[in-house]
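Input: structures, listed below.
One chain, chain A, appears in both complexes that follow, with chain B as partner in the first and chain C in the second.
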Partner chain A sequence: MSVDFNTVATEFCHFYYQQFDSDRTQLGNLYRDQSMLTFETSQLQGAKDIVEKLVSLPFQKVAHRISTLDAQPASPSGDILVMVTGELLIDEEQNAQRYSQVFHLIPDGNSYYVFNDIFRLNYS
Partner chain B sequence: MSVDFNTVATEFCHFYYQQFDSDRTQLGNLYRDQSMLTFETSQLQGAKDIVEKLVSLPFQKVAHRISTLDAQPASPSGDILVMVTGELLIDEEQNAQRYSQVFHLIPDGNSYYVFNDIFRLNYS
Partner chain C sequence: MSYRGRGRGGFHNQNNFNNRNNNNNQNNGAFGNPQNHQNQAEQFAAQNSVPIEIVGWNGASPAECISFISRKCRVAVSNYNVDPGSGILKGYVKNQNDAATLMNWNGVKFAGQSLKFSKVNVGSQVQSATTSNAIEVITNFLKSRYQPDIKLLNLTNVKSDPNLSAQGFFGSISTSSKFFPALMKVAEDNKLDVLSVDLSANELSDLSSISTLAHTFPQLQNLSLMNNNFNKLKVFETWRHKLNFLRELILGGNPLLANQTNPAEINKIKLELMKSFPRLVVLDGEILRNEQLLSTTLSLPFTGSTSMFFQDEEIRNMSTNFISNYLKLWDGNRGDLMILYQSESQFSIQVDSSHPYLLDTTTTTSYSNGGTDFGNYLSNSRNLTRVSSIKSRISRVAIGQEQIFKAFNQLPKTRHDLMTNPDLFSMECFRFPLLNGIMIVIHGSFEETAQPETDPNANNAQNGPRGRFNHPKHKKPALSKKSFDRTFVVIPGPNGSMIVASDLLSIRPHAGKDAWNTVAKVPAAAIASGTASPAPVAPVGVPQRVPTPADLPQDIKANLNPLQQELLVKILVETKLNMQYSIMLCEQSNWDYQQCTINFKNSAATLPREAFAA
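The block that comes next holds the complex of A and B.
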């Protein structure tokens, strides 16, 4: 395993959730036309449709808190797989909802974009 | 998206958990030398080390129950990414533990093997 994928994965997720929680209209830069998002039972493809979906989610204030973050190299060409479990605080709700999310990151020049993104709330 | 990845992912996960729950010493066929497992905070590479880890887990009876299973195509060459959330019942415990797991499956002839495997219990 290379030395750097954990750092990339951690920095990516912190940036992603910070951007999501402050202004999710700007998340499009992290996706490409071939990117896929499964958000609960919805399936979207392409940066434009993915961001439309994320922007349309029915909350104003949102905060992600990471509980666990685990990364592995996913290909010889530098792909990285990250699984996050965490908590989501929405609007004025007192109780956080637990979620699980996986990102498949593909290198692109000096940066990475999201090829696969699967998000699920953990109902109990 | 191809028509078949959901079927492959579903059949793979059912087979995997059935094998895990009945005789996890036989899971080695599903991994290769380059395969990686993150199981909680442990990191293993290679079918042999991965199976040793799974066999060494401190329980006799185990049952996985899938709550959600979401798959996406992960490469032009037929890789599949699957995220599972579910419940784990161990030995004679009454309360199931929730878990999240991701598999990155790579095609190999008529079958698939696990390249990436990340498993986390969801502590509340």
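The block that comes next holds the complex of A and C.
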């Protein structure tokens, strides 16, 4: 195995959430035109629309905390499926929203982009 | 005497619980005046006391005799008077102990005579109350302390309640420690609707005797623990995440905050309390956090969730078929699922055992442990944030039929109520272009019905010292409801069969369906109906449901009137354009159907491919 998909998945998630929490307008680099986002009720396609959606979410400050993360290689060409559960802290609240999220990552040159991103709050 | 009236006296300003703008509720201000308590205390003492009679006192005045007894026998006699008929000096001692002490002094010389003491047997039969009697007493007590109009249970200074004292409820510590749980049991049996509880002045220093409160009244909003002996923050751990609706807490008159002058420490206490009680807004009259923001956060800004998303109709048919059959076999006989897995198929699970923040009130009664025992899953959990060794990371992905079957058998037997209660589930399904397959993400809950076929902890237990960190060998984890997320990648196999290429399962504490329960039930019902055809991919013969405006995403529907919604659905179906382009077409055609068809015909050839639903 040339690239350890576990490491890729873990590093990707950390990077993604760090970017999301510090400046989510910059997340566009991680999506492509064919990328899809399902955020609760909304389905969006294309980096531009996805970032617009993420930026428009009704919170100023946000912090993601990963609780669990698992990954599997998903195709011979190096796709990776990452499934995450975690907590979302919104606007300095003490109470976290719990969520689960699935990323389908596709290799693109030396890096990966998000082909599909499915976010769902768990309300637990 | 009206106990109920006195209850009000002790808590006369109950509006404070509901008035967060009133910041002046310091100590006694909110809970009646101390003088009132003093009077009550005397009355209670009189009720509780034991009547005695003294003969041979008349060598001096009654006052001198009482004073003598106080000095000599160290027993205080109160409310004494001389019975005009018999000439006997009558009075009361504080309790049975004092009475007994006094009896031992029988014959003591006073003013040239021997004093004779005797108890007046009035309350002795009552003191040996039988159990049924006890329940009756508690029930009456509860009724006298409950104010249904404001849903307040006033449990101030319970020990001094004359009703209870007369029954000997607080004669010993053991009775008093059993008293509160018994009280809660009776409250539960009587289905008392309680939003506020006042437990002030009960000499409490921890929650051990009253811990059941959180179980009986999980919806409690207001709680006063004023004038008790709480001095450690740690004791509130008992109720951590158990009183998730608690809005106001009063801790005034407890050493915990009263003795604290360091602002940093006070802040720390507030923060910890906010963590333990996620909806706590008011502490001792002080607003701790923005309630509006809190309720927005907790009710979630993302409204109108839909439970189902399918990229297109074919995906809908395939995935609903797949899931309904899959879960049926998963609950029934997992061995039958193995035809779906091949040598390169992968399966792994991850366990998010962190405590849920919100109590699922529908399950608290039958699952008091909250479904948090993950003993059957932990040993196989492949949480990459925790599992760092390469060996474990590799061994915890089951690859191929044999390993996957083994992993399946190490999971508890389950029941997914997909058929009877499809609302409990949510799905998102997409094409997986590279493999010409589909990706299905399903969220929901299930009930564990039996222990796993094979013990997941058996292997590790033989691994020497590591075994001891696992679940105790003979103690099976408790079965309960759990929630899960699962991601399947399903690809076409030979002869129209299906193969599960990837299977990721995440197990977490039971959380119910609130995340998507605002939803129209139609799509969920569509899943259930999918079971009728066992063939994996069989769109033929399965009547395609005609979409209705109810299927439109909430955020889109919100901006459209019903006629526009109808038109949009029609356009979506007829043109196969995606949502964005369909809306665009409608808008540019002024929401006129004829115009839409003309415009569509004219521009269809020039539209980009992504304008169409995949």
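Side notes on the structure shown:
Assume the second predicted complex is superposed on the first by the 120 of 124 C-alpha atoms of A that agree within 3 Å, B and C clash if a C-alpha of one lies under 4 Å from a C-alpha of the other, contacts with A are read in each partner's own complex, and residues count from 1 in each chain.
The rule is short, and it goes like this: a contact is a pair of C-beta atoms (placed from the backbone, for glycine too) under 8 Å apart; a residue touches a chain by one contact, two chains touch by 3 or more.
Everything quoted here is computed from the prediction, not taken from an experiment.
In the superposed model, A:S100 lies in contact with both chain B and chain C. In the superposition on chain A, contact of A:T68 is made with both chain B and chain C. By the touch criterion defined above, A:D33 lies against chain C but remains apart from chain B after alignment on the C-alpha atoms of chain A. In the superposition on chain A, A:N6 contacts chain C only, with no contact to chain B. Once chain A of one complex is fitted onto chain A of the other, the partner contacts of A:L57 are limited to chain C, with no touch recorded for chain B. In the superposition on chain A, A:S42 makes contact with chain C only, not with chain B.
Of the two partner chains placed by superposition, chain B and chain C are both touched by A:N116.
More residues of chain A are touched by C (comparison of chain B with chain C). Within the superposed three-chain model, A:I90 lies in touch with chain C and out of touch with chain B [touch as defined at top].
In the superposition on chain A, the residues of chain A contacting both chain B and chain C are 36, 38, 43, 45, 67-68, 70, 72-75, 81, 83, 85, 98, 100, 102, 104, 116, 118, 120, 122-124.
Taken in their complex, chain B has these residues touching chain A: 1, 36, 38, 43, 45, 67-68, 70, 72-75, 81, 83, 85, 98, 100, 102, 104, 115-116, 118, 120, 122-124. For chain A in complex with chain C, the residues that touch the partner chain are 6, 9-10, 33-34, 36, 38-43, 45-46, 57-59, 66-75, 77, 79, 81, 83, 85, 87, 90-91, 93-98, 100, 102, 104, 106, 116, 118, 120-124. Those residues of chain C that touch chain A in the shared complex are 271, 274-275, 278, 289, 293-294, 297-298, 300-302, 304-306, 309, 346, 348-352, 354, 356-358, 360, 381-386, 393, 397, 426, 428, 430, 432, 434-435, 439, 441, 443, 483, 485, 487, 489, 501-502, 504, 506, 508-512, 514-515, 553-555, 578-579, 610.
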